[in-house]
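Two complexes are shown next, each including subunit A; its partner changes from subunit B in the first to subunit C in the second.
Let's look at the complex of A and B:
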């Protein structure tokens, strides 16, 4: 059963990435024109680039998309380049490759988004468990649940906008944007840099946390109510176990599992949401780079970022799929059906 | 009618959700009688005015009357959601019933795995690809709705399939089969009416998803540059850094409208869930 489950998930992972790459390949062809070619021509005409630069870009473009070859061959070449993470050059910042930009921007995004997801998840689980627990005072739910419902239903960037206006602009508690002060150089070995990075990341993290924590708190609260109705919970209480033990070992432990599935499903949503949030914070991470690639019609960069995001989200989900059965013995690595 | 109101008392979420939704629809339809919809477009009034007697909602940097923007934009954003929701639910119903009711194991497996794979690709990224590839085409409200619909069918399809699958084995369906009803008749007369609250809930979730997706796209600047939808309004708030010049009214108004819109949809589907799924009803 074990091997079977792992093989299934690996196959699924490949399918997801392959489908995304295929969509990426087909879409530009559906327009009946060639947006990339148009953009390249325009770029070369307007920016007055050196002829050899343009030629180099054309060569790479033809290598990637091989427009003179039959369609199936173009497809095979394209997929093999994607498999090697070779997305060519950025159209707008030419000598740099797409992968180079993705790495240099991605390392500014990854730490703060990961921290935000962890805080939101752990915080949401604890708050939700507390709200759903029948020993909690009733007023707690009355006060906390309505704002949670509103927060969990709005996009992150909406919260970001409000935070930027009040906390950063009005009260001047945190910087308005940027991942670190413009006067600093990116240096991950210096504590001072990391401190500044953390200080600048507070509001972006808060925007993600407020939205995501609320969603998980509400989900966890509902699960707690269900678990409290189970026979083993009633029995634990009848045995006279201590409240704390019932809360952590009997109720939370069991209510936690669906939330973990929820985390895997929501990962993509959080990360793409964070991209828009970055744009509002003018935060030079991968998300605002994606936004800039869209406005500049930098298709190579755009497609590269999209594929990389799909890949990382699929991998993260895969890892969670692998961990999940360890936490829930009932799953026992069986495939889900029905 | 009396029954309806006494039910709403027991299901306050549905009441609040529908109430806000009706308020928003009245706001956008009756509002058009008071304001000039043309003022929702650039250069129609004096720019950068704080709220005053003349402009109760103030004006923005481009010279739009924000009251007109809110009136017209609320309608547009709801329209995008409605188009996406209707298409998403339609496709979802067809796929869900085909997979759950007609489909043998084979067809069911194919449809389900396709949905699973599709849902694992973050829909927002697919939207970005589509919208930026087709960017040369003017993205009006209808086009935006159609594009957003591309991601709003998978959720309903999966949920409807699961519901149909469990309902297919219920005694009343068996009874209908025994009494000689055809498959289509069973679906239309037995399954759909029983699933109605659930389908309406799926619709309101699909509308919610459509609006969320359109807001995200528009906030990144993918959308009609001219149309005063809520997402584009936020895009311009960010583009002109409204917060840096202290134009609070320009920030707070679209935020309020979006919060009301999204909350009403969430509350409505929450309330409908209580009808569709009686076990979820709160204890006492």
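Let's look at the complex of A and C:
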């Protein structure tokens, strides 16, 4: 029964990634644009080179990228490359491979975004649970809810700007931007570097946490109120249970379930979801790379990032699917009963 | 067993202060329950019987307020601190909930849901002892041992309600409050669960307040019946006397509305609807549906709830002169 469930989910995971990869393959070819030709024309125009050898260069590049082969053959090569996480070379920074760029940029993005997401989730859930709990003091809601409402409706870049202006520029508590001092070299084995990275990450993390925490908190608050109306919450009180037990095991435990699905989806966007923050804090992370790839028509880099994005969402959902039956015993059997 | 009533309610009032006015869900109820007695509390929807149950557990939430006195074995529950009241729940006064389908926490095993009530009332025991005790409780309510390790969604409605019964008796309380314990079940299961509850109440010598609207079920299950009509107690007496000679016109109408085996024809309903409990008038709440209404009197003045014969109480102007 359990094994069956896992196998089904793994199959699902592979299908999702395969479908996404296929769409990723077909879609750009339907646009009728030729990235290499465009790139060459642009370079020729800007460098003032002669146009005579352009045709030859175009043919050469097509051969290099395998674009002269029949479509099905291109597709097979493409899929087998995707399976090996090999997305070829970046058009713009040619000798570097796409994977190499993704890894070097992702290294800067992943740590601070994941920390921000986790802080926002845990803090928001706890705060929301307290706000929704009927045993909490009234003043808590009176004080906390209005700022949460404001934060949840303010766009993230505004929060980032306010933080940069006041905390970094006026009060000079934290750096204005950059993932680490310009004088330093990226070296993840040095504690000093990691310390500097953490110091530089405080404001970017804060800008994400402030906005996302309020969302989690307001959602959790609403779920708590719903759960408190359930018969099992009333019966738990009639059982004379201690408040702490009712709060954690009966109310929060049940109110948490929908938010966990939300967390899985959010974690899927861990790599790309920080482009706003990265732009404002001048991080050369994955988010800003994605933006650059779009504006430069760097198709291969774009494919690579999109596929990685799809994979991380699919994996996050998969992991949540694996954990969910442990959290909600009703789930695992649903498939069996149809 | 002492003769002192196990529960004594004096002038109990549960009011909800809302924008539209004051909702008098329970308005001046007096009631005593002797040890080992099963009492039925009947009334239509909205008559305040479930609020009574919650009030007895002291579980009405703001904006509701409770006034009056509620003695459990001589202790006024309304004077207890919140933590003291928490300890009283389950260990002295326990509840079998109304919504059988949804009264158990969906994400906890049955074992843990029985155990946590015991633990929070100071019962400390080893894993093996806990399993033994819980298995015994499950046996008492006629459930197999394997239920221990199951989740609520794996049980039928009747089984879930049996688990709730097991929880309710787990600390051997003095009083059991069963709030329509079978209303979510089909009639066959209803009867089985009701038989289990009655058997347990008898063997464990508990007192019970059974809340419901089904006079037929009451006739089979309880010793005494209290009839409620929005916010007020109308009549109280032993089950036999009540069916033999209902005094209050409302009780008469209720008993008349029961279907009789073999009799054909139209059912005798009670015409009209119950009055609103928001800002009720000064008179008897039943006056506008009452076939025996005394013009000019019933609308103005609520009759007192008096003992007109031994063990027989009624609130009606018709019996003003009696005794």
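In this text, the second predicted complex is superposed on the first by the 281 of 338 C-alpha atoms of A that agree within 3 Å, B and C clash if a C-alpha of one lies under 4 Å from a C-alpha of the other, contacts with A are read in each partner's own complex, and residues count from 1 in each chain.
Here is the rule we use: a contact is a pair of C-beta atoms (placed from the backbone, for glycine too) under 8 Å apart; a residue touches a chain by one contact, two chains touch by 3 or more.
The structure displayed is predicted, hence computed values, not measured ones.
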A:155 in the overlay: touching subunit B, subunit C, both, or neither? Say first, second, both or neither.
first
Of the two partners subunit B and subunit C, more of subunit A gets touched by chain B
Return first, second, both or neither, reflecting whether A:232 touches subunit B, subunit C, both chains, or no partner chain.
second
Return first, second, both or neither, reflecting whether A:130 touches subunit B, subunit C, both chains, or no partner chain.
neither
Name the contact category of A:217: first (subunit B only), second (subunit C only), both, or neither.
neither
Please indicate which partner A:240 is in contact with in the superposed arrangement: first for subunit B, second for subunit C, both, or neither.
second
So in the superposed three-chain picture, is A:12 touching just subunit B, just subunit C, both, or none of them (first/second/both/neither)?
first
Which residues would you name on subunit A as touching subunit B in one complex and subunit C in the other?
none
Which bits of subunit C are touching subunit A when the two form their complex?
57, 59, 61, 86-91, 94-95, 97-99, 101-108, 116-117, 120-121, 151, 153, 164, 167
Which residues of subunit B touch subunit A once you look at their complex with the stated criterion?
113, 116-126, 128-130, 132-136, 165, 208, 212, 215-216, 219-222, 234, 237-238, 243-244, 246, 248, 251, 255, 258-259, 262-263, 265-267, 283
What does subunit A use to touch subunit B in their complex?
12, 15-16, 19-20, 23-24, 27-28, 30-31, 33, 35, 149-150, 152-155, 157-158, 161-162, 164-165, 168-169, 176, 225, 265, 268-269, 271-273, 275-276, 279-280, 290-291, 294-295, 297, 299, 302-303, 306, 309-310, 313-314, 317, 338
Flag every residue of subunit A that touches subunit C in the complex, lowest number first.
134, 230-232, 234-242, 245, 249-250, 253-254, 327-330, 333
